[in-house]
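Alright, structures below, take your time with them.
Here come two complexes built around subunit A, the first alongside subunit B, the second alongside subunit C.
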Partner chain A sequence: MTGERRNSFDVAVIGAGMAGMAAALFAAQRGLSCIQVGSGGGVLFASGLLDLLAVHPAAEGRQWQSPFAALAALAREQPDHPLARVDPASIRTAFETFVTALGEAGLAYAPLDERNRKVLTSIGTLKTTFGVPLSMVAGANALDALDAPNTPNTPPRCLLVDFRGLREFSARQIATTLADRWPGLCHGRIEFPGFEDVPELYAAHLARALETGETRDRTIALIRPMLGDAQLVGLPTVLGLGRCREVHAAFEAGLGVPVFEIPTMPTSVPGLRLLGALETVMSARGVRRRRLASVRALAFDANTGTATLDLDGVPGGERVSARAVVLATGRFSGRGLTADRGGVRESILGLPVHQPASREAWHQRDFLDPSGHAINRAGLRTDDAWRPLDMSGKPAWPRLFAVGSILADQDWMRSKCGSGLAIATAWAAMQQLADQLHGNTG
Partner chain B sequence: MALAATSVKKTMPHTLFHTALYASLALCVLGLLWRSSAWFRVRVGPDARAVTLSQRLGALLRGTATALFGARVLHILGACFLDVLLLRRLFAREKPRWLGHLLILAGFTLLLLMHAFEALVTVKLFPGYESTLAPYLFLRNLFGAMVVAGIALLYFERWRRRTGLVSVRRPMAAAFAVLLGFVLATGYLLEAHKIASPQAFYRMAKRYSGTTDPGELMPLRAVWASEFGVAFDDLKEPFASNVMERGRQMHDADCAGCHAKPASAFVSYPVSRLLAPVTALLDKGRADIWLLYLHVFACFLGLATLPFTRFFHAVAVPISLLVNASAPNRAFSAAGRASRRALALDACLRCGICDAHCSVAPLARHLGNPYLLPSHKLVATGALANGRLLRSGRESDGFRVAEGAFLCTDCGRCTNDCPAGLDLEDLWQAGRGDLAAAGLPAPAQWVRALPALAWAEALEAAAGQHTATDPDASCAPLSADRRSFSRCVQCQTCTNVCPVVAQSIAADHRVDLTPQKVMNLLRLGLRDLTLGSRMVWDCATCYQCQENCPEGLRVTDIMCELRALAAHRLGAVRSWKAPS
Partner chain C sequence: MISPPRIQTQVLIIGGGVTGTALARDLALRGVDCVLVEKDDINAGASGRNHGLLHSGARYVAGDREAAMECCAEGEILKRVAAQAIHDSGGYFVAVEGDDERYIADFPLYCARAGIGTRAVDVATARALEPALSDRAIAVFEVADASIDPFQLSLESMAQARSLGARLMRRTRVVGLEREGRLIRAVRVRSMAGGEDVRIEAAQVVNAAGAWAREVALLAGAPIDMTYSQGTLLVTHTRLASRVVNRLRRPGNGDILMPGGTVSLVGTTSTRVDALDDIHPTTADADLIVEEATRMLPALATMRFIRAFAGVRPLLGSPGAADSRSVSRGFALIDHEDHGLDNLATITGGKLTTCRLMAERAADLVCRRLGVTRPCVTATTPLPAVPECEWTEPGRSAREWMRSHASDDTLLCECEMVPGSTVDAIFDALRAAGDTPTLTDLGLRSRVGKGPCQGGFCAVRTVAHLYQRGDFHTQHGLAEILDFFGERWRGQRAILWGEQLAQAELMEALHCGLFGEELRGEGLRRAGPPAAPNADPADKSSP
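Moving on, here comes the complex of A and B:
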């Protein structure tokens, strides 16, 4: 069917952020024909790190060594939380499936185990996360040694390197911030080969330049004299875009020590890599993408439950029909929810949004209140099968599902569970959706 | 003498006929020589100016020799048959037009050979030939009808495929078509009149039967009245069978050798029926003589004026097609290319197929500038080359021609679709070179002469003075509308994915702004600062920024719009110096 224009699908996924991508991937894995509508722009803000659940309860800011222990606590204390409604075994399978697919598309991840990892950020803080790209895992391993309470070992000596003109990443800043916790951390700066005259550098351009052997060799040659007795080298995330595995391997071979990338500030190379890999995955699995399109109208047939989507942003417009629809449109920045003076609305169908009773209740008095704001827990409530509810508390449509950050009763930013929420709910909803479709077709 | 048809010999004084014939022939030959000499005189493109006349003539000789004796001679013969005679290129593109053209070409050529050159060709090839015998009566009518049908079909097609675009002027085309129609009409009328004319009957009867006595000729007249359409006003059908019998014997004895029944002249014969009531009057006025004069002199007029009308393409197009066939992959020397461009100026049929398929035709409509369209551009390119375009006081024409030349996207459809096989791409490129030499370079060139800030200042300084209307929101729908850029969060994705910024390494052609800075200037209401910026003018329109923008901004579309806006607004404040 490749290349042929078709207009009826098993599933239409609206949204191409992390949740939409996961939903489309899982639909395709289950052999369902799938069309995905929306720009992948949300993914560009990703760091490449796949959080599952790092903080619980958010108000206390308690970090967890094991995401599954955190999930168990969440299930006890906040049973309404969407993550608490997915069983841990499914979450594990969902992550494995997601990460395996990315690996096939050239973006390899370190094997997932039971624990959360600590990863260095570009401002010198430590971030707790679950899925770590292979190119970043050497840093996480080093931090294991640093963090282990009773280890006699000193953490490995590490050289951080940055590039003159790359404003988003300063090796010295990281080293300074971590100086008292990581004594063996030193830093250096080099001119990026071929860009010596350019005042301002952009990480993606460097990443692309490093995919050519010559630039790569010259860069390695510039770093090698700075190594000293360093056992480890940290770089900003510039080691290639589509060919990051090859570039990373070349740096480790050339320098003779483990090399790790430190995620740069979004939006940058990690987001571009992730988007590129996801697009490869979608394309390889036959998901039809309408990346510059938006849904102008979505209607369900009252008898058959089949959805009709009218798309804008496709030359001449397009109308497709789908037996089931997954809403993965996100909250405010994804424009799945629209806020105005009167309250919060769901943007496409006007579904009822679970939200504070009045605008005054949206925020706490203190903007930085660790327990977060009520508006950050607004969203769609669903039944057990992930179907958003209408005013009467019943599923709005039999085969309309909602996944990801548009769901109510979660504050993924404070819980550090964005990817977990996206991947786990997409998996669980797709299971229900597949059951429904099979049940209906016999 | 040999050329003149029998009827002409009998009617027209030899000296008059020959003087007129040779005079018009001489005019035609001189005209052809003058027109074709332009192929070696006219210089289109800066490279053509570096080539001398002798180099161009040398290229012609070499090219001709290679064509005749080289390996491609079969190829050229094939082109002669398929491209020139059967109009293959037109067949592949527009079949109705092809049919119209082929009808005219075939009808006209066959009339010329069989009828105009009858003493030279037909009599020699077909010993028993008489213009009044079958099947020549029919064929002559058929060939004329083919020409008429072809002309009608072409005009109908032109009307049916009207695009709403301004058609390029076609000087003398209509006049020449009228002349051609006049030749055909007088021919048909002359034949019709001679069929019906008793005067002609008696003249022939005197010659072949030796009598003009109506009574003696009665049986023959009866046969010719009932079967050959002569309009005797003193006879009435039906005729007695014995009279007819006798008449047929007389006919067989004296007439049948040269005369077939005229009903096969399927145009002239019905016309002769229409003329029957006035035949006596026409006979009296010697219509046979003046119709012949009109017919023959109209032909001479056509012959003499042919090189000076658009119908010169009948000469130029075949040559152009054969020249194409002579060089594989259109590989020509600089001298050959120069001549070929000049030839293209003459070989353009003004058929408008290129205009109808032009990628920027919608833009031509929107801007009201026909010089975006290939056929207009071709005329302007010629006018620029021979100095007519930029005569004093016509700077505005120059600007419009330059706008047309530089908005062309070089998509190549015009070249691909040209039925005459003209290399229009090459012509456009040469024309742009001429425009640049005339002080009208591409906007991308003159904009780069000043930094963005200087342009913004020039706009500010001119704000009070010039009255050129600032394009409103309808012309700049994106950059004038906050909603198209206010969502920008300055995330830098556009810059990260921009290959132009990535390659902007050397200091002398580094972009001054990045895409996200352009968006930021728009947010700050400083659009004028972006208009002359390198980023806007170096943008490769690869659409990476637009496809990757997390906020869905139409970054590339905005860049394109800014460029168009800059060409318009900066063009109004820049000083243009006419070439010395």
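Moving on, here comes the complex of A and C:
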């Protein structure tokens, strides 16, 4: 083994989705040496919006303006829900820490409030969320104004612009579906400069193109004549990748009105931004990343409790050891859970998965059934210290922790709490993990 | 009192499956004026929920020789007159270790007696040509099975009938048959779009409502002895074999694998059901098919499935028979004269393969009653190919798109390569015919939503495209995404494990996690101001 390549760590985080990223960040923050294994995960699909908790109870579809009021209700009514097991003050701190780190890496979020915000989506729904990227916040502010109780309520005139060939985004669709709610919406379509002959446009290509000043100026020049008396402009999420802040500012300066992005179907530019920013954060804090690797095998030494991880996807393979392990491998699309006709198992260690009795009970007959699908509440159950349980109901290993969407008793898709679940449980588990390590080292 | 709106015609056809549409064409070709009413859409019943196997007849040689011979003769006719809708793949009958040796030995004799051609194929040769076949295969026979696109068949039959004056009323349900003496004086129909019922006065009425034929006949007080058998089919992610593969044994569960473009269809099951309003594939159906078919095709054990669907076969005859497969698969033409009616006929049962013959027999009866002497010509008259009716063919949209690649013609469905121009063509054709097209109509007439994403991505893109065209003026387009994806979902839940479960989860993350589509429905509307003390007074939930 070469001296350069360190192979033993305080913490190994398996997974690089929102939960794995948060866990690695919080580990580094606490001064623990950390290796993180796994590729982008759900982050690549993410909208950039950081949901905390917007809907509760999910079966009633009730939306909350205060995520903390929603958390309080959740704690009363669903105490087993992983988010209900983290105290609200820690959640707040965890979010602040996460968003601050993103900001340092160039991905700015609007200051976190006590309340949820409403954001337009590309299909014309309004999404309730918590953390809003700066590039999207002007839209949320305008919606606030619409809702404000005692303003004279002339809705702000807003121009929505789309690009021919960007198939998942029709400005006309948004303006049409929200016409009742927001009468001042109008729409226009332009050819994206330099892509006139390209049939299908991809948001990421446009975002990269807008990082060059020339394309940016030409795009602004095409939009300007359409402005009329518009007081703000909405666009699909194409305002740059790593240089989003600069591109967004240039659009606002060039158009002379606030500009906001509207989250769109994946493949997702905000996801790429998040990933980029998180990687910057990780390397700045000394987290070792094995981006293309996956953990093939994980074993614990029964005497020392030390974990050994065998990695695939690294030339020649790699073996690392860690004093503690965080399992943030996600659900079915993340690969943390594996399902066949007979049932669900945890993919790496075969940990017992809390799940419905038979496959017939996994899914409702109606996709949008308000009670959600039982399979989405399957997952790992843990003790109070976030350690997954074995068959006998005891922690499987003293220093194995599980965080994020792999946890049982939650349905983040219906409760709109994906990022919240990831960030809050990563924070709480890292606290326990640090305590354990300190306890062990004396 | 104002009398309700009415329509007059010579023949009213109830049901727009392969039988009803073939009948409309047959009558139109004989110069008879007809109206076809369909409660849903073309092929919404069993005709859109089958294997698409143009039977050589070999499947039925032992149990139902008459049906076998009908299939054999009709298969040959359809291959001549409707070649554009048929892929003449050929088929194998395959026995594996443990299968009944007696049946294997007798099979060629049964076939010979029914006049059905078979050829024994050396197992090694068969496995070289179809590598997915099990190494435990012990006997293989080649037969003239083929695959047929029932959508193309029905849509083209209806298109020709309409070009000759026949009228089609989609989304219109027959709700009453007004009887006077020995005649049905009028048929009362109701449009799903709402509005007043319409009375249709027809000299003759043909009930071609498939499994619903019993319900329809009962509206005239005419009882039909019918039971229902549900059959489930699974669609694989990739194609396993280029030929039809049948299990060489008496018909049973999970014994047919069909090629379907880039996928295979495998089925089926046979379960008695009592009602028609709740037909859906179950996880038990899926398990049964996978377990049975795996014996012929071991790769199915680990195959990814993208969809399941179920249809109902009407079984005529004694409801007491224990095994629904032993009830005849032959068809029935009922003249209802014993029920005291002289202008109602019911044509039901049978198979996709025999739909032309069923239509011929029904048309003969109707023409005799009407005094029309022109003979049936559908056995010899080619079915004209109609471009708008061929978008269900796998790969066709893609080929057209490659050929004419215009820069403003973007792919909306990436799994199946369906471009905007195909969507435009289908929508425009429906509009030209006076219809209000929906995304679900598009799904039936094209391959949109039929790939691995099962509509999750392409429904979003297609609706954006339609909004941009100005097809939707309200929030209605969003409801269409939900309808369409919801329908695709019902076909998925029985096969959600492995990779397809991961895909479905991603789709839910998108549609619910990100877009919150479930919050637009009833849940939120119903919620109103909550009475609970923990109410969040500042909340103004979005519509």
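Here is the rule we use: the second predicted complex is superposed on the first by the 430 of 442 C-alpha atoms of A that agree within 3 Å, B and C clash if a C-alpha of one lies under 4 Å from a C-alpha of the other, contacts with A are read in each partner's own complex, and residues count from 1 in each chain.
Definition applied: a residue touches a chain if its C-beta (ideal position, glycine included) is under 8 Å from a C-beta of that chain, and two chains touch if they have at least 3 such contacts.
Just so it is clear, the model here is predicted, and its values are computed rather than measured.
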{"item": "When subunit B and subunit C are modelled together on subunit A, clash or fit", "value": "fit"}
{"item": "Subunit B versus subunit C as contact partner of A:Ser283, first or second or both or neither", "value": "neither"}
{"item": "Touching partner for A:Pro266 - first (subunit B), second (subunit C), both, neither", "value": "both"}
{"item": "Touching partner for A:Phe45 - first (subunit B), second (subunit C), both, neither", "value": "both"}
{"item": "Partner chain(s) touched by A:Tyr202 [first = subunit B, second = subunit C, both, neither]", "value": "first"}
{"item": "Between subunit B and subunit C, more extensive residue contact with subunit A", "value": "C"}
{"item": "Touching partner for A:Gly124 - first (subunit B), second (subunit C), both, neither", "value": "second"}
{"item": "First, second, both or neither for A:Ser8, with subunit B first and subunit C second", "value": "neither"}
{"item": "Spatial angle subunit C-subunit A-subunit B, Cα centroids [nearest 10 degrees]", "value": "90"}
{"item": "Touching partner for A:Arg291 - first (subunit B), second (subunit C), both, neither", "value": "first"}
{"item": "Subunit B versus subunit C as contact partner of A:Asn376, first or second or both or neither", "value": "second"}
{"item": "Minimum distance between Cα atoms of subunit B and subunit C in the superposition (Å)", "value": "5"}
{"item": "Intersection of the subunit A residues that touch subunit B with those that touch subunit C", "value": "42, 45, 197-198, 266"}
{"item": "Contact set on subunit A toward subunit B in their complex", "value": "39, 41-42, 44-45, 194-195, 197-198, 202-205, 208-209, 266-269, 271-272, 275, 291-292, 294"}
{"item": "Subunit A residues touching subunit C - in the complex, by the definition given at the top", "value": "42, 45, 47, 55, 59-66, 69-70, 72-73, 76, 115, 118, 121-128, 147, 164-165, 167-170, 172-173, 176-177, 179-181, 189, 196-200, 263, 265-266, 331-333, 335, 338-341, 358-360, 362-368, 370, 373, 375-376, 412-414, 416, 418"}
{"item": "Interfacial residue positions of subunit C with respect to subunit A in the complex", "value": "280, 282-284, 286-287, 290, 405-412, 457, 460-461, 463-465, 467-468, 470, 472-475, 477-478, 481-482, 485-486, 489-490, 493, 496-498, 501-503, 505-506, 508-524, 527, 530, 534, 536, 538-543"}
{"item": "Complex contacts: residues of subunit B adjacent to subunit A", "value": "491-493, 495-497, 501-502, 504-507, 510, 514, 546-552"}
